Amino acid sequence: MNKKLLEVKNLVVEYRLGTNIMRALDNISFSIKKGEVLGIAGESGCGKSSLGLAIMRLLPRAGKISQGKILFKERNLLRLSETEMNREIRGREIAMIFQNPLHALNPVFTIETQMVDIMRFNLRYQQLNINKKNISLKDRAIELLKETGLADPEERISDYPFQFSGGMKQRVMIAMAFISNPPLLIADEPTTALDVTIEAEILVIIKNLVNKYKNSILYISHDLGVISEISDRVMIIYAGKIVEMADSRSLFDDPRHPYTRALLESLPDTKTHKGRLPTIPGCVPPLDKLPKGCSFHPRCLFVEEICKKNTPEFVELAPNHWVACLREGKLGRRTKCF
Amino acid sequence: MIQENIANSSPKRSNYRKKNSQIKKIAGILRIILHDYRGQIGSAFIILMVVCAIFSPWIAPFDPYEQDILNRFASPSLTHLLGTDYLGRDILSRIIYGSRVAAMVSFGSVCFSAIAGVIIGVIGGYKEGRKLDYAIILVFDIIRSFPQLILALALVAVIGPSVRNLILALAFTAFPFYGRLARAETLSVKEEDYVKAAKALGATNIQIIFKHIIPNTLSPVIVTGGMDLATMIMYEASLSFLGLGVRPPTASWGIMLRNGLTYIHTSPFMIIWPALTIAIAMIGFSLFAESLRIALNPKERKLHE
Amino acid sequence: MLKYVIKRILWIIPTVLGVLILLFSLTYFLPGDPASVMLGPRATPELIKDLNHRLHLDQPVYTRLGYYILGVLRGDLGESVWSGHKVSSLIVNSLPYTIILAVCSMGLAALVGIFLGVFATIYKESIIDHLVTGISLVGVAVPDFVAACLLLLIFAVHLNLFPVLGAGEAGNIADEIHHLILPVISLAIGWIGYLSRLTRETMLEVIDSDYIRVAKAFGIPAKHIYYKYALKNAIIPIITVIGLGIGKLLGGAVLVEIIFNRPGLGKLVVDAVYARDLPVVQGGILMATLLFVLANLIADISYAYIDPRIQYE
């Protein structure tokens, strides 16, 4: 079905620090279909984490959604009350897998208690089985833990979080996210805090579960390799704005935005690179001191006079391939210059 | 940078620079305290009490020892603003003079216990793991095993009640707390890189202790000391209440409270005024200690902004 | 866990020894000649000398110290100079009053204080929060004996609602409770202030943790988060404080006992100090200190027990 599961329109997220107000997300619009994996990539500090938190309405005290709509199953999430949000959406329709599993579990309760609590509050009555004894819930939890590949789940479910390693904790978090089989999952850099080997395993787990249960995922990461592995469509964010959005294939084969180009070219590759690793000159500007015109122009290899004055529009340059660049994708075959 | 420092480190210039920055730091802390409502109220109370203590002969309307038997148990009036006690003495004057004892005992005992505690604690921490350290910890623990009031009580009973003895006894019960604090700070500062660097450059132990370790202990010690000021007022009042503090007929809030209790059925004023005074004094000092704690603690400062 | 407990207990032995030595040296210097006091004004020099010998008062310091320690270990704390009763039985008789007072006060303070603290966290920055903060400030600052005096004045003397003196008729529970109310409130006020403050601070820290945010992300309702998820984490340091507090109350309710004339341990010690009754002073302080140390030990161990992380280390 082509119906959009999640539709974000003109979202603006602002943070207030003292007297400064900075826009972490500036006029973001995109949508996700049922069963689709949308990857969101960008450097640290570009605002991508705020996207996940904004959808769940879990922004910290200093953050605020000041404009826009978030339509989930055609309901504007921003119009719901906090109780409605908690009861109907969080953990049930949309679940989040967090970045750092280290402190994500309550240290004084067993895994079983925490998982059973999530079930009690999120599963509909029918799903809970008429016999409400915790035994069946515990078995359900053990099943889920098995699916995430956690070793020895019958024993470990009675353990406390501090007895788990980082990778194991992340598996528990993933199992928790799948408890109510939510239509939408938001994965906020789930592998960033883990070793590379564990990272690979976790990715496999996520892919298998998604294939099996057909959920949509909003996968946020700064690692383009991971994004390319898991996403159907990709969105690149820079300084709070979307700079390029396309099907995965289309984006990685033919990047049209200078930033995307530069990101891909900076991936280390022993075959073609010899000598110094390529980098993008300059650094990400602080969100309260963005450059005039196109936010990327001070670091852009293809910059022109017009880029310093005008902000680019989001334009569909090829079917389903959108770019926000004043040069409109006409970058030529210019290669890196280091 | 290093060259600059060496060139500028003629003793006069570096001392001036150090004093200047220290004064600026203290001024900054005072400013934070005075901006906070707690600091404002608290400082006002402390100043009020210190003024009363120092200038009591000029502020008090009557002589606190002057008896007027014909006029005892008087209710508040225009002459005796707070009434008179069972011997006809003016309550207001006795309260004002009582602030002397309270101020002397609290400031005195806090100073003594803090200084003694820090010195012993730092020595123990510096010589961590050696016999001296274990002995010091043992002494601290032994003294801390006693309930403070009871130990102070016993000490005063032995050495005799007087203001000086009260200060010493209370300081004795309190110094282990400062000692533990100082020792803990010493242990952590000892391992810092800049201390190791100083040692490598040939600094003696004494120099390290005074330049690096003791300044680091100042902050928690001052915060604890601030809170202790209030606590010591309470202990002085408690001991005087028991007759084991200041000797009558000296005016002390604790003694006044005791007398008030004896005559509680006759005159409520004898007990109300000292009770309220002690309570208000402690609230004031506690507020000040609170704002002091926030001012000296960068984490707390952010929380309360 | 067992290792931890054993280590803690072992450290207590030298501490208690030091306590005994300190106590002994205190009473060694206490002015007054116990023998002549015990025998009265008509004692002859021979009788005094005889009593001195029996009490080991004519021996060198170290021997006396030895006798003292041995006596304590045997449970023999001597006899009261005034009444002749065994010190140990005097103490044992006074203990129940003190323990009941301490436990009830701390119990009340814990219930009210923790609840107020959680309440203040839930309604942070609102009037309720400021009210609780104000109450806690006053509670902490006003000493227990001042509160006792004021409560006594208002409720016992003027309003005549509560008895002024004593602990009530033994065996009559209702009467005993009636006599308990004012002293318990006086002691509890301070601790309510402190505990509500402490609970609020700990809860605020806990609420900011990752795992609370995660729980919220999974749709766990707010009340459940505050009262179950957050509180169980916050309560760990609070339990320790409560344990330590009971210890403090056991030795520190002295003035309240005197004001309300409750025959507890504190009153026993103070009366003995007035009367220069050495053995009772020694024994009483020893008991108060031991209770304090015991309370600290239990608090430490229960901290290790409640926080599962420490148990497994």
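All chains are identified by letter, namely A, B and C, in their written order; residue positions are counted from 1 within each chain.
The rule is simple: a contact is a pair of C-beta atoms (placed from the backbone, for glycine too) under 8 Å apart; a residue touches a chain by one contact, two chains touch by 3 or more.
The structure displayed is predicted, hence computed values, not measured ones.
Path length between chain B and chain C in the chain contact graph, taken as the least number of steps between touching chains: 1. Using mean Cα coordinates as chain centres, the one most removed from chain B is A. Inter-chain spacing, taken between the CA centroids of chain B and chain C, is 24 Å. Averaged C-alpha coordinates put the centre of chain A at 55 Å from the centre of chain B. Those residues of chain C whose C-beta lies close enough to touch chain B in the complex are 11, 14-16, 18-19, 22-23, 26-27, 29-31, 137-138, 140-143, 145-146, 149-150, 152-153, 157-158, 247-248, 250-252, 254-255, 258-259, 266, 269-270, 273-274, 281, 285, 288-289, 292-293. For chain A in complex with chain C, the residues that touch the partner chain are 56, 58, 83, 86-87, 89-92, 95-96, 98, 100, 102-109, 114, 117-118, 121-122, 160, 162-163, 173, 176. Chain B contributes residues 138-139, 141-143, 145-151, 153-155, 157-159, 230, 234, 237-238, 241-244, 257, 260-261, 264-265, 268, 271-272, 275, 278-279, 282-283, 285-287, 290 to its touches with chain C in the complex.
Within the complex, the chain C residues that touch chain A are 209-222, 224, 229, 232-233, 236, 307-309, 312.
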